[in-house]
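Here chain A shows up in two complexes: once beside chain B, once beside chain C.
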Partner chain A sequence: MLCNVRMSAQTGIRTHETTGATLVQSLTQTIIKKLKSDPYFWLLFPLLLYVVLIAIYPLFFSFRISLFDYRLTDPNQIQTFVGLKNYIRAFKDPIVLISLTNTLIFVAGTVSIELLLGLGLALLFSPETKLAQFVRSFLLIPMALPPLVVGLIWKSLYNADFGVIPFYLKQLGMDVGRGPLGELSLAMPAVILIDIWQWTPLLMVIFLAGLKSLPQEPYEAAYVDGSSRWQSFIYLTLPLMKPTFLIAFLLRTVQSFKVFDTIYATTSGGPGNATTVLNFHIYTVGLTFFDMGYASALANILLIVVTVLSIIYIMVMTRRQL
Partner chain B sequence: MQKKSIKVVFYLLLAFALILGVAGCSPAATPAEPEAPAEEPAAPAVEENKFEGVELTLAAMTDQYVTAFRVLIPRFTEETGIEVTMDELGYVDLYQKLTADFVGKTAQYDLMTVDIVWSGEYAANLYTLPLDDFMERDKAELNLDDIMPVAWTLGEYEGKHWAYPMAGYANVLNYRKDILEAAGITPPTTQEELLAAAKALTKDEMYGIALLGAKGSAVAQDYMAFVQQHGGSILDADGKVALNTPDNVAVLEYFGELFNYAPPGSTDYWWDQRETAFRTGIVAMMEGWSIARAGYENPEISSVVGMVDVTAAPVSEGMEPQYGFGGWGIGINASSSELKQEAAWEFIKWLTSEEIQKEWVKNDGAPIRRSTLTDPELVAMYPWFPLMLESFEKGDGDYRPRIPEYSIIQDALGTYVNAFLVGQETAESALQKAQEQVEANIK
Partner chain C sequence: MHKKRSIIEKIILITLSLLAIAFFLFPIYWLLVTSLKFGRDAFAIPPTWLFFDATLKNFSDVLAQSKTFMFIKNSIIITSGTTFLSLLLGVPAGYAIARSKFPLVKNSAYFFLLLLMLPPVAMLIPFYLIMRDLGLIGTYTSLILLNTVFDSAFVVWMMRSYFADVPQEMEEAALVDGASHFSAFIKVALPLSVPGIIASALYTIIYSWNDFLFALMLTSPKTKTIPLGILASFSSVEISWGKMAVMSIFAIIPAVIISLFLNRYFVQGLTAGATKG
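On to the complex of A and B.
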């Protein structure tokens, strides 16, 4: 057994030597020195390796590919270096602008309403009554469902001719037209509603955790000073909840930017381009046209947009806290 | 000692990471492997147990014919010893999974159902194995003349066969006998009559015609079907993509007018919703593939049993009748091992033989052979077979161009025809933008 390990170790070293990257060698030497002085760094190693393989490597690969003209379906798999051409193309592509606008509308719509509803629900169900506990556990169900399944269910609920929702709307004497997903003006609100239905419970859970961890002393002091419940909510609860807000907001913003499955299952970005979000456009370019270079460029643009927004938000929130 | 072993493990992991990185970075530069050698001696055809224990995987579209696959595959295994595992996939997923499999040369699927419109792309990229050598070798047992000429479009591209005909569909017009009779309307034979009939039959909760309007392949394919029925084409005389011609704009206007007499949700219909509309009895007419016809007589899924009849798809007035033809071929993965390719060919040969085709059609498959379409027992079962035979005789399998750029055309039409239907674009601007999108993406 031991012998086996040693054997394979030797071959491992040999492979390493033959790849012969001196830079990597010197880098590893410093890492080894560090490890010798602080052996507990070993505990980080599996995770680091995982991150490198799953996140860092694909990131660099996608950046590299975005500088190439690379069509996956090309039988010879030729990659031609084109510099920033893919990025320039993105700025000329009319659908990129449309889908970026749609993405921003989607993010603004879902995140703002979900934050408000989530906070409301959290306040409503934070007292430890039997009913609140019961309802809380039921509200978690939408979150546990795969978004694709949720999308398909809502699609059939929304169907203008056989769906449940238009059926009742018609009973109420309303004109449903082509159905919520078929009308230009209604399609975006309709998919936003699906997202709200699914993800508000997540925010409720985060806010509940935040509420439970608030210190009691300020409230007691405020009570003694004769503040009303509304006043203690505005002047105590909200400011104290700021870190929780930051987490919830960031989490949902990033998730919302990446929305794909709900759109894919319900409208495929239609009618026309009314619900085409950036991620769906990337999918079309990458997995229908198999134009990997351009798709990677679009994905990197999305990444930059999300990163910039996140940084701005973190800066704003932390400055206020100081 | 301990430190040394730690160092060793570290190097191991590092080497592993490097190897992975290197393998990932280098483009798969190895050129496509040459096709299976044609010079292979044709002798070992009847070798006993050659295929015993060979396992094949089949990627099948979840069309009606999967029922037939489920029935027939165990029988094939019993007769030949070849195991076949079937993966049932939806249209979009099937296309994407197969492409990923082909591009990566992972040979996850040895056999696949190939939509008529994919054959050009598969041929250009050498994804599937050209079957001509096999066909030449086994000419004697294949009875090729019996296969309807139009059925070859299911897999032939530029003179080679990239998929073998498996299930042929004709575009037909289904209509409700009872409703048309009550309204005193004879089944339309021209597009002009179709529009008039749709208009006359739309009242209250009843609609004239069911159409495909959902963004994506659905609306694109339905629009192309109507272009064909008006004698038009989305390619010009040189075979270049020409979507924004005045003729095509006129057809799009016509298509939009038909939607006035379709259920209001039609702009969101995929194939299944269109079927549901017809089966639940809220529409009087529906154009569609012949394979769905048998389902209308099944009381479990249809509330219009005995009320449906079928006729040839109407064409524009004064036009020489030509009928849209579509369906599926079955192909062999070019990256599969030679033994598996041989075994896969055995499966295709068996499945498309006259005897098995009869069983295939009885279990919801679709015909490709003249002998199947004229078989007295089957004609008694499916009285619309003579009509299909006629549609096949005058079938046009190329109205959706089977060129490598097809998926780009379909995506552009799928977006902008839908945008026109919901009022976002005019007919001209929709086709203009579709044309621009196609040109931007074709290189």
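On to the complex of A and C.
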């Protein structure tokens, strides 16, 4: 009783807080009630539970680890709390800046060229002839291949001693030195070319779907008005394809940020740090040097960048649907 | 409908097509040729494209190693496990999102899309530590669990747009007749969505078969998959490009089959993420 009286005396100050808390509580309760009453929710529930356990929990775990100095190579496995030190270290790490620059060069180079070539391929192979269909199915192969295998094939093609590409370049009178992957100035373009080879067909597929869904009427009107093929491409196809272009751009940007296997197979980030992308740097810190705290901090920074990009992508996509 | 193309235009188009085909197919052709060459010919300068002594020696060498079958077996186990689990979890979830009227359930689709885009390295580091604490490094389980996160997210996204196109009238009729939502899903919606399920399955097969980074960190020598087997032909005393090529051919078989013979489903899967909101 006495306790209650004291409590109510204090509530004068706390009312605000308590009503806030009860509001949240009752809100969660109504949401849970509504979810439970939704018969479809139970079909979603197993996956939701799975994802929370297998994906969301590790991400929280990763945030915790990033606040600690935790090296797996330490025989005592001591975890020392260091606060935001790992994040501060990331901003001072010269390789982070290099790998960030490399990532941006890689993303910009691959995405821009792939978009242009992909549109070209889509236009080239869009007619519904038997031959175009046949060629299109062959062009699907590169993007279905394991990126590691693609990297290794190109590594042998680029090899300075017996590779096919340096051989023909030499025939053309070009000096290739230690091969495209071994030269500081050539390694990044060489890796970008591999990515272009593998992923341009994906953009072709997306653009083909986009071209197929274009309305026919504007083209008929333009034809009647006597416009040339080139004019209807510039004034009709390009503007009408803008939404597809934007989606493809964002999709490939997000994917291109994730590059790892190709780099691992070809250059391992070298020569020097010429092809070290952010992903590869995180892998090196975490899974070859086993400096887990710092690697987690780096991974979380990448996570935030990619999440922001993905949210932009999703917002653009949903706005298009409206 | 359009004006006829002139001869010059036609020649330009054909030349461009041939160039495109040559560019996209020569590395694959080179891989095939390398797998059929003797070691000395693989390094021959100038390179031989057509006329060389063909041999199946590389194939017989690789198939003589018991490890090869272990790599293939591991890849098959992990791929089928991932595909099964991803479909089991993802297909009902995709159906729920497509049919539910409740905004929280409906919009969870974007949560799964976001998940699909996470950088794998960011997920791998904490996952590796957790699996290490649980003693699951080097098991099929750890690899299947992690692959399923990304693959099931894709299945949800794909199946959601597929179920949205499946007419609801028959399910509603079943519900009126007293069927539960679950049996309406199993008996009515599922049989109508087989092509979508095939497309999702092909996608998960390709991605789990091709996975390298997760397998690199989460496998032990006994659970190594084909991509790691390919790297193994490098780490031995001599680098054998011929053997590497043979292992690579095993690695690309699903990709080639799916691209050439099941391309209708594959294209459906590829464009689902990009063109349907």
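A few points about this structure:
FYI, the second predicted complex is superposed on the first by the 264 of 322 C-alpha atoms of A that agree within 3 Å, B and C clash if a C-alpha of one lies under 4 Å from a C-alpha of the other, contacts with A are read in each partner's own complex, and residues count from 1 in each chain.
The rule is simple: a residue touches a chain if its C-beta (ideal position, glycine included) is under 8 Å from a C-beta of that chain, and two chains touch if they have at least 3 such contacts.
Note that the structure is a prediction, hence the values are computed from the model and not measured.
In the superposition on chain A, A:287 contacts both chain B and chain C.
Touch criterion not met for A:30: it reaches neither chain B nor chain C.
By the touch criterion defined above, A:61 reaches both chain B and chain C.
Once the two complexes are overlaid on the shared chain, A:183 sits against chain B while remaining clear of chain C.
Ranked by how many residues of chain A each touches, chain B and chain C are led by C. When the two structures are aligned on the shared chain, A:303 is found in touch with chain C, with no touch to chain B. When the two complexes are overlaid on their common chain A, residue A:162 makes contact with chain B and with chain C alike. Contact with neither chain B nor chain C is seen for A:22 once the two complexes are overlaid on the shared chain. Residues 35, 42, 57, 61, 161-162, 287 of chain A lie at the contact with chain B in one complex and at the contact with chain C in the other. Across the interface of their complex, chain C is touched by residues 31, 34-35, 38-44, 46-48, 50-51, 54-55, 57-59, 61-62, 65, 120-121, 124-125, 135-150, 152-154, 156-157, 161-162, 164, 167, 197, 200-202, 205-206, 209-210, 213, 219-220, 223, 228-229, 244, 247-248, 251, 254, 257-258, 260-261, 264, 279, 282-283, 286-287, 292, 295-296, 299-300, 302-303, 306-307, 309-311, 313-314, 317-318, 320-321 of chain A. Interface of chain A with chain B (complex): residues 5-6, 8-9, 12-13, 15-16, 19, 21, 24, 28, 32, 35-36, 42, 45, 49, 52-53, 57, 61, 71-77, 79, 93, 95, 159-163, 166, 176-179, 181-184, 267-274, 284, 287-291.
The residues of chain B lying in touch with chain A in their complex are 3, 5-22, 24-25, 27-29, 31-32, 96, 99, 103, 121, 124-126, 213-216, 263-268, 273, 276-277, 280, 282, 407-408, 411, 415-416, 418-419, 421-425, 437, 440-441, 443.
Residues of chain C touching chain A in their complex: 1-3, 13, 16-17, 20-21, 23-25, 27-28, 30-31, 34, 42-47, 89-90, 92-93, 95-97, 99-102, 104-105, 108, 110, 112-115, 117-130, 145-146, 148-149, 152-153, 156, 180-182, 185, 206, 209-210, 212-213, 216-217, 227, 230-231, 241, 244, 248, 251-252, 254-256, 258-260, 263, 266-267, 270-271, 273-275, 277.
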